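Look for chain A in each of the two complexes below; its partner is chain B in the first and chain C in the second.
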Partner chain A sequence: MRTKSTLENYVFVLPAVLIFSIFYIVPFIWVCRYSLHDWDGIMPIMTYIGLANFKEIIQDKIWWGSMLNAGYITLIALTFQNALAFLLAWACDREIRLKNFYRVIFFIPPVLSEVVVGLVWQWILDGNYGLLNHWLSHLGFPNLVRNWLSDPQTALTTVAIVHSWKGFGWGFLIFLAGLQTIPRELYEAARVDGANAWYCFRKVTIPLMIPVAVLVAILTVLGTMQAFVLIIAMTGGGPAYHTQVPVLRILASMRGSSRFGYACAQGLSFGLILIAISFIQYRFSKRARQV
Partner chain B sequence: MSKSKILKFVICAYVFGILINGCAPKKEAQKQTISVWHWMTDREAAFFELAKRYEAQTGVKVNFELYAPSDAYSQKVRAAAQGINLPDVFGILGEKRDFASFIKAGHILDLTPCMEENSGSWKESFFSKALAINEFREGNSYGVVPGIYGVPIDIMTIQMVYNKNLFKRLGLNPANPPVTFQEFLDIGKKIKQANMQGLVSGWGEVWMIDCLANNYAFNIMGKDKVLATIKGEVPYTDPDWIKVLSLFKDMQDSGVLASGIVTMVNKTAEQLFANDRAVFAFNGSWCVNVYKGMNPDLDYAAILPPKVSDKYPMMIWGGAGSSFMVNARSKNKEAAVKFLMWLTDRDQQAYLAEATNNLPANKNSLTKIPEILAQFAKGMEFATHPSIWGVSEFSAVIEAFDKGIQSIIIGEKTPEQVASEVQKIKERELAKRR
Partner chain C sequence: MLIHLFLITIAATCLFPLVWMISSSLKTQGEIFRDTSLVPKVFHFENYYLAWQEGGFGRFFLNSIFYTASVVIGIVIVASLAAYAFSRLRFPGKNILFFMFMAAMMIPIPGSFVPLYILLNKLHLRNTALGYILAMINVGLSTSIFLLKTFFDKMPTELEDAARIDGCSKLGIWWNVALPLAKPVLAVVVVFNALTVWNEYVLALIIFDSRALMPLQVALMTFQGEFITRYPLLMAGLTITALPIIIIYLLMQKYIVKGVTAGAIVG
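Presenting the complex of A and B:
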């Protein structure tokens, strides 16, 4: 009877297991297999080359440069984007006028298409006819006028800021949900004990928001490290290699050079790096919570 | 088993059945249907019209399926090739090396026997340079059996265009465009003084930089030396290559390049030129249709890039613009070949040229074309293309070369530094091949 019931349960989960296996597990195994081969993605024959692709990745300066670029964009996202998201969520959690209106407004950028956002910002930042330079000139800062996306000194930071603008809405939403779960009684009790607003924020809000902040940080790192649509739309990875990110390099290996095996190896390495970063973040956050 | 469990099981099985069935191929229609995959958004309406005409004439239905942008199309074709699921007719976007891989994997039909039927009448109807791009000759370095493997449906040349109105505004005679590189640089100084934008092009997409650099390489050192470099017999640190790279520094210093050109996509470049905001553009003959759509009153003319040297001719990239291949595994391959014969016949080619402002691949259809297209067509005399050189440069080398030119333009590296870096990558790739 029990065996029958167990079998029945297996039958019910079978479709989900099959779909998951076909669309996730099998492709993953294939990626692992391709990463050990030299293959152009067209020919039926692949040449086994062992770990040569991975060895090449270690020596690929452009790949590691793209990793650094992604790291820089992530750093800006972790600091500027998440600080902005938290502050706005905190403001909207308080009794302010039009708070529902602000909640909607702040969530508009994330729901817009990345390509559209990229093209609109490209137009705003255009060196010749862009709005930003137009206003900088009119406001008396002509020395700041530049070609923001073609200047190697500003291209990456500009892309990072636009990425943060596009992405802060997700953090805002999660932070707001987190803030709303903090029992109001805690604030009232603190106030009865003589705590001012800053003390309440420091001793009640921040400690209780750490798990939420960790979640936002992990999602930010994973999302930002994999960003590429916005970058393709704004700079195409240029000038030279200044805004290249790992996913663009994987695409270049696959499409530009027809090196599917190498692209798969890059994808696997990148995945492992992201898992390692997430694991380190998780360990740090666990320690922070214990403190 | 309770009734509710049975019901749940039936629902699950039904949903799963629908999912599985949804992935199954559609049943073949009774009428013979040829499926064609393409990426040409600007030709979609004209293709539909031609498909309608073909069905009316022969009873064979032709399904043109558009997959755009070209990057997405390219990926779809590769994925379909991996799954042996290509349509009857398709195009390949990419380098000659990729084309060769498709042939060697048995995806593309050798059209030579069809081309040579009736004393080669089909073959003879095309511009030879258009056909050459789809041809693999005896002893080719790709190891492909010699033959013609594709049908060109239009031709293109990539040249410079200049805006006649802006020329007048600069005090220049529109009838006398620059012929030498020095004249071109001198105009750059005037452009800078007038605070106008000079040359625009999709150099953010890099391959167009490669195209202009190759044009000048042919002009400075000649075809043999360029090909010798690709074969690894001449280093990129050769003074002639440094001269080619230096031209980009000269252009930047003179002010002839529009600001932001290094990250500019071709669509932006086309908008700037079409809206009288840039004096020069480096673009392909497809731009005629694009500019017409953006600004029908644009007054411009096409010229060869201004030459640096008189020693060798200035060559430009040109040949087949778009080509179609027949799936060698298709059940409809004979019908597909017949359709392509019809599509590249004089009347259909003339219709395509008229409707889309592209140059026809059939030389007998080159009768009623606008003046500006005729200027582009004239460039075919000087046309060459990496696909007909018989040897391909390594992708890593092309990328380093093109990105290096971007670095020169933004003042980050010198031509000598870029040449040395490119040569290192070339040596690495050569060593890998050995």
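Presenting the complex of A and C:
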């Protein structure tokens, strides 16, 4: 009777465990295994080459260049995008008219797909027929007109700003939820004690928001470092590797040069780097909270 | 006042690209490169007809609907079964299994599409709808199980106890008692996974070779690659892709806000 009941209970988790094992655990193991092999993905034979893929990654200039590009986009997301998100959340946290309207609008870019956002912005930023250049030349700034996405000087920053446009709504919602957990009495008590708005902001809001800010920072880093579909839609990684990012390189290793082993090694080392970064951020935040 | 100006400016920046997209989708091929007015003189709705018919977006739209519906139904069933067991039932290895799903949420595997491609090839599921649907069910599984289990944990057990005394089977209790009570959290699960599947690009890109199976996101990129200058049709296709998601978002936005805040607590 008992064993029958236990077996019955397993039926509940069986579909989930099956799908998870086939589509998560097996690929996870395979990434580790293929990263030690040279394989084109088609031939039945693959050659064991030890750590040769990883040695090649260390010397792969395009790979590290793409890592720097992703780092640059992440830096802009961490500063510009998150500062914007926080300011908007802070503005909306007050008793303000149309608060809900803003909350709905700011989350529209995040619900759109990266393909839609990328292609619409590409049209707006088009060098010859784009609306931005049209406005610039008609509003008296013709010297600012350029091929935003195919000029090596502007391509990466332009992509980073569109990425921030698409992403700030996430940070906004999380910051707003965080701000709303701060008890109003704290502000009132500070005001009774004669503190001005700026003092309240520094001594009440900021310290209480540090854990939320760390969370947003970790999510931003993980999300932005791995972003690539928006870039496919806007520049395809060009001009000449100027907007390449790591996941785009992995896709290129797999589809472009049919080097599945190398693609897996790239994925594995990139995953380890991401885990290390979020771990460091987490430790850093713990220390910041103790101070 | 300054705060209002700031908020309105950002809100306008959020909306403007969409307005421009719709405006461009209503101009002719000749107008689109010259006419920069926000409201076209004549609304050329025939672009939508052309995109739907000639551009094939009608087909791609139905594909996207089919994949989204199948994956969401699959996740609701599979995840709620598992979450119910993790919350209510007893069996050896329960904690390890649950931990495994949670760990998967935390560990990023960038480029997991590489082994998935190989796997689906070996299973002869590449370039099939089933392969894509199963892979996408897995994508949403961990988070959905987490959301549902958290909900079940807080849910009082009286109704389930009463059903058990009435002789209802475990599966019967899950379906007739637990699922109806979990409606609020199921709405979050449905909306979030629907957004994810509708907007997904890279797995669909590597899994589907045949045009007939492509969902909208892949079709848009293909269309853009083939007809680089047919902007009115491309913009019509983009509108066809974006509009359903915006409507669903506006209708269900309170569930999305809940999901984001709940998801944030996970991290």
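FYI, the second predicted complex is superposed on the first by the 270 of 291 C-alpha atoms of A that agree within 3 Å, B and C clash if a C-alpha of one lies under 4 Å from a C-alpha of the other, contacts with A are read in each partner's own complex, and residues count from 1 in each chain.
Criterion: a contact is a pair of C-beta atoms (placed from the backbone, for glycine too) under 8 Å apart; a residue touches a chain by one contact, two chains touch by 3 or more.
Computed from a predicted structure; not experimentally measured.
Asker: Superpose on chain A as described above, then tell me if chain B and chain C fit or clash.
Answerer: clash
Asker: In the overlay, answer first, second, both or neither for which of chain B and chain C A:L36 touches.
Answerer: neither
Asker: Please work out whether A:E8 is in contact with chain B alone, chain C alone, both, or neither, and reply first, second, both or neither.
Answerer: both
Asker: Once the structures are superposed on A, label A:G127 by its partner contacts, choosing first (chain B), second (chain C), both or neither.
Answerer: Touch partner of A:G127: chain B, not chain C.
Asker: Applying the touch criterion given at the start, work out whether A:V245 contacts chain B, chain C, both or neither, answering first, second, both or neither.
Answerer: neither
Asker: Considering only the touch criterion stated at the top, classify A:S258 as touching first (chain B), second (chain C), both, or neither.
Answerer: first
Asker: Does chain B (first) or chain C (second) touch A:S150, or do both, or does neither?
Answerer: In the superposition, A:S150 touches chain B alone.
Asker: Please indicate which partner A:M209 is in contact with in the superposed arrangement: first for chain B, second for chain C, both, or neither.
Answerer: The answer is neither, since A:M209 touches no partner chain.
Asker: So in the superposed three-chain picture, is A:A77 touching just chain B, just chain C, both, or none of them (first/second/both/neither)?
Answerer: Touch partners of A:A77: none, neither chain B nor chain C.
Asker: With both structures placed on chain A, which of the two partners, chain B or chain C, ends up touching more residues of chain A?
Answerer: Comparing chain B with chain C, the partner touching more chain A residues is C.
Asker: Going by the contact rule set out at the top, does A:A89 touch chain B (first), chain C (second), both, or neither?
Answerer: neither
Asker: With the two complexes overlaid, spot the stretch of chain B among 43-51, 79-87 or 205-213 whose C-alpha atoms clash with chain C.
Answerer: For chain B, the clashing option is 79-87.
Asker: So chain A touches chain B in one structure and chain C in the other; where do those two contact lists coincide?
Answerer: Correct list for chain A: 8, 11-12, 15, 19, 41, 129, 255.
Asker: Give every residue of chain B touching chain A within the complex, in rising order.
Answerer: 1, 5, 8-9, 12, 15-16, 19, 71, 74-75, 78, 81-82, 94-95, 97-98, 101-102, 104-107, 197, 204-206, 258-265, 268, 277, 395-396, 399, 403-404, 406-407, 409-410, 412
Asker: Can you list the chain A residues touching chain C in their complex?
Answerer: Those residues of chain A that touch chain C are 6, 8-13, 15-17, 19-20, 22-24, 26-28, 30-31, 34, 41, 84, 87-88, 91-92, 94, 96, 98, 101-109, 111-117, 119-121, 123-124, 129, 131, 134, 165, 170, 173-174, 177, 215, 218-219, 222, 226, 228-229, 232-233, 246-247, 250-251, 254-255, 260, 263-264, 266-267, 270-271, 274-275.
Asker: Flag every residue of chain C that touches chain A in the complex, lowest number first.
Answerer: Residue list for chain C touching chain A: 3-4, 6-7, 10-11, 13-15, 17-18, 20-21, 24, 32-33, 36, 77-79, 81-82, 84-86, 89-92, 97, 100-101, 104, 107-119, 134-135, 137-138, 141-142, 145, 170-171, 174, 195, 198-199, 201-202, 206, 217, 220-221, 224, 231, 234-235, 238, 241-242, 245-246, 249-250, 253, 256-257, 260-261, 264, 267.
Asker: Mind listing the chain A positions that touch chain B in their complex?
Answerer: Touching chain B: residues 8, 11-12, 15, 19, 40-44, 122, 126-129, 147, 149-152, 155, 234-236, 238-241, 252, 255-259 of chain A.
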